[in-house]
């Protein structure tokens, strides 16, 4: 594994779009080539090194390339977009659309990530050590096919409408979660260790959501049974869990929500 | 008193949209509509100045008895610069702020003045 | 005295087209058929004070300038900006909106309309689950059930009920009102609720729960004794009314789009309406506010593919409300100039958003003095679209009409379109280094 | 500006030119015999030269088209077109935005596009939007399937007023063609019902689909409209609908066309050629429809090819779209239009792995190959319903290459296509001349515009498409990929004698014409009919009569086709 380090020099004025910060783009390029890559501050095209000090070496292949971002890039969008392999680490907080449509590889964020990260993700491993914003691992506007694969782990809390229209993969939120977790969910697994706001699993027609606690369940959910130490999607959970089916607001309801007593 | 704040359109306000530079605009918008029972509870009478406050700010407006009651524990302020001193910018990442259903506090503030919008904007934005 | 018939009222999304306006030497004498709101707008044409030349902020106040200077400054501001926001558009005609979109594309900015703080959430819901709808004439001719949810037409759309829903006689509804049932759902007992056959007072913020209960019940599920402050009995009865009508329509307002749940309230309501079509004929119509907010979304959609909150900074349209919409852009400080046409964000945005608006270079194209013109650095007064300028406007049900010109604007005032065309031309001059 | 297109290999079926090396001369925007003076010369040696393409049925602009774009931001995000070289930006895979649609058609060599289902009440929108579709000439077809005046006059047995009101709607909507979508079914949809057979009753009006079609057929010929009625019969997309389709076409036999064109135009025939009585025993009946069309002279159809893409279905057939929505559970738009029609929209994914979709793919091609005379079966996907128009080059390649079709049969689509259709047994391959017919000459003739469009004879518009295909060198049967590539972008598209596309790139974006028909009937009759209009508008429309007709200002470059129909009295 070879490593390229991007040290934050300057914060963008109106946000930065930097889909070029991705292992596949860096692979096989020299530091000076990488420094010259275009990034977009609003409507003006800038160079990557206008905002970052670039050091290190990129590997020949993306699989062998690790990118480390040193600093806060919460105003920088689209980092690691469409990533298929390689590694990315953000020592700070990351902006919108981080790892959107990601298919493989590994992304770690030491801080928080903004809204719309990992939309329509298909594969790979993600670890957010801080909090995640709204629409984590969701579908883009209008699409009925959301996240399909890969795993996202959030050590902190997550925002509202995570995993909209989810079709596969797993999201694990160790903290609390705002409203509408898994809205319109179809397949896949969401695990919330902490408390979920109301409307969890709203309009879900399939898939599984597990929560440590909920503010309220929608009336479209039917309590099936209480299960002690259940095994859910091949994972063991300790304690007694209420098992609900729903959301029966939809005729096709085949979703399951587990809530710890 | 803890209340739920609703903002929205009123016909009075709609009728002065072309006259924002007149006192009619302040009269139609710098108000807070109360459920009659809530007014009794607060000992507020028609025309009194009240302070409405939320996580995002506070504003002084005139108390008005609601003609569209009952709505216990709900106050209504017409959409406009006064209402937006206390509405929430939280959009849940969908573009829409929280103009309705905002948790707020309201109390009598008889001696306080209701500002015109230039005074209000000057005070808030120094411009 | 000139008598103008079949005048289109440029106030709300009801877009009444039967106004008769009497004009005598430049004064509006009366506006027959118009409601209080429409009448007030036509009568405001007689207002004494109206700015006739552009004004620039100077020290504590404003100083007058020429249209040429104003156009040059506006163009320069847009060219200099890395991500200008071009906002408003709901109270002008499509012909002006179209130039505005071209301008946004030319300067690489974001163009957004007041839909984003009005029925934008309805659009997001439509994009997730669809939109079973009809034109208002269908309601007039067929509907025997009109539901108003989170909407108070008596205040916001005063003639809506008399023209289309509650009162008119229609082909299949010859007895008018006698053939129709009106149900109102709101958090307050509104004036509209006052004339309803059935009123359900919903706990604020619980609309989503109530729709969820309706749908669950519709599919034979169980619901508790009370949901959202409504008794099981009332929910069951209301659902029966919906299932047993011949033609039902749900009119929904910002009471749903602005309350907790926002677009998801609409999303769920749309699915309820779609599913009711298994039992009877059911549709819904959003109670759009400004008279041509719908027109803007039509023009922007056929030109760019997206209805509002379109970001042209990369040279192609990008759409993601919540990211590319005005309130977030202002609150996150992601725009460095604002260009407002026919709207009043300083009055209608939350304080935090207005604070950034007040900080950045700003231009307002607007006939009247408003909180926005008060905060903007440059004000260009314009002729009043739909009264002094003709052009296209789209009704809340997307029916396009041609707004009429019934009087000349004061000398020296240009239409929004003309002003925008001048600015666009100037922008191109500057970019080509002329 | 004068032009000489030298040494091209020209296919111009309407003038019986079949692959001759021939020079085309253009002056003042028209094809001429001689040039006067200075002129630009384009060397077309070794290149394929055809008249500009004519699109006869594509939902590229209008109210429901824009509703379809609004419904699908995910389709918009799928392809974006940046602003560049003076071109406007845009987006959309299955529903390109307006400017982009004009550019894409011109790049394929098309110079005229017609939008086939305009609800009269939304005509103003359609024309506003057409103004933002650059380059191509255009027209719109107002829908009459659920028109209350038409049904009223049918019931009252007043064919004269019926014709007069059709003439009024043409004038009011600036329309060119009588479009009929699911006759009567769209009115019944006002009650959540449909009309699946031609003798079903239409609620509240006591007429039948058959009466609506016959009545409009007669009116169309009495008004001497350029095109015939443009028909989307009842029961679209349902197993076994072939019977309804042929019963409907039979209605046209009795009415004589006023000109040399067909009296009935059957659109997107693929969707109307289904056998079986369920999706399980669903099969192609293309052979049956082809047999019928071969046996008579009053019908022309277009294929309505399915291209096996994810697309957006949009028709004025509201009940059908609701039916689709219940099949797929995907998001659904409905838009019933008072007194007129009932459009609907829902996304649809045609899957190669799906037996039904694969048979539908086969049917479109079968029709083209089984109907002997290419002038009777034109190429269209009912964009975007069967697939986006950008797939035309691939369809052309399929038609010209049996091996290409076989490759799809064997490798790409579900085996069901072999069982459910006869495509595997068809070895016919289209010639370049056939392609010229089914993409331009046939459309122009069917539309009744063949004086100006679809050919390269003297007096025709100077609309020419030059493709980088050398007919003398290429074997379309083997080099089908070269054909697909060659028809995707022209070397030159010339419109009205102006170079629009050079080497596949747009170099000019003039405003095209908008054609509309204005049949003038007897003045007295018109006045009588107008009284009924006033009454119905007052009572039933939600807009005033005075605000209904589309002002001429909406047609940026309008072309009125005046027709003397004063014998209608």
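So that you can tell them apart, the chains are marked A, B, C and D in the order they are listed, and the count of residues begins at 1 in each.
Everything below uses one rule, namely that a contact is a pair of C-beta atoms (placed from the backbone, for glycine too) under 8 Å apart; a residue touches a chain by one contact, two chains touch by 3 or more.
Computed from a prediction, not measured in an experiment: that's the story for all the values here.
Q: Mean of the CA atoms for each chain, then the mean for all of them together: which chain is nearest?
A: Here the chain at the core of the arrangement is C.
Q: Which chain is most remote from chain A in terms of Cα centres?
A: Of all the other chains, the one whose centre lies farthest from chain A is D.
Q: When C-D is set beside A-B, which has more C-beta pairs in contact?
A: Higher C-beta contact count between the two pairs: C-D.
Q: Please compute the C-alpha centroid of chain C, do the same for chain D, then give the distance between them in whole Å.
A: 35
Q: Using mean C-alpha positions as chain centres, tell me how far chain B is from chain D in Å, no decimals.
A: About 56 Å separates the centre of chain B from that of chain D.
Q: For chain A and chain B, let me know how many angstrom lie between their CA-based centres, rounded off.
A: About 39 Å separates the centre of chain A from that of chain B.
Q: Where the centres are mean C-alpha positions, what is the separation of chain B from chain C, in Å?
A: Each chain reduced to its C-alpha mean, chain B and chain C end up 22 Å apart.
Q: For chain A, what residues touch not just one other chain but two or more?
A: Counting only residues that touch two or more other chains, chain A contributes 115-116, 134-135, 140-142, 144.
Q: Scan chain C for residues touching two or more other chains and write them down.
A: 124, 127-128, 260, 312, 314-315, 319, 321-323
Q: For chain D, jot down the residues that touch at least 2 other chains.
A: If we look for residues of chain D contacting two or more partner chains, we find 71-73, 77, 330-331.
Q: Using the contact rule from the top, write out all pairs of chains that touch.
A: A-B, A-C, A-D, B-C, C-D
Q: Once bound in the complex, which stretches of chain C touch chain B?
A: So the residues of chain C touching chain B come out as 11-12, 36-37, 40-41, 44, 47, 49, 116-117, 120-121, 124, 152, 154-156, 158, 187-191, 193, 201, 204-205, 254-255, 257-260, 262-263, 289, 309, 321-323, 325-328, 331, 344, 346-355, 358, 368-371, 374-375.
Q: Any idea which chain B residues touch chain C in the complex?
A: Against chain C, chain B makes touches at 4, 6-11, 14-21, 56-57, 66-71, 74, 76, 79-81, 84-85, 87-89, 91-101, 117-118, 121, 124-127.
Q: Contact residues on chain C for chain D in the complex?
A: Contacts found on chain C: 5-6, 8, 17-18, 94, 98, 102, 105, 123, 126-138, 140-142, 163-164, 169-172, 246-247, 274, 277, 280-281, 283, 297-299, 301-307, 312, 314-319, 392, 394, 398-402.
Q: Please give the residue numbers of chain C that touch chain A in the complex, ascending.
A: Touch list, chain C to chain A: 81-83, 107-109, 124, 127-128, 208-209, 211-213, 215-216, 219, 221-224, 227, 260-261, 264, 267-268, 271, 275, 312-315, 319-323, 332-336.
Q: Applying the document's contact rule, which stretches of chain A touch chain D when the two form their complex?
A: Touching chain D: residues 139-144, 252 of chain A.
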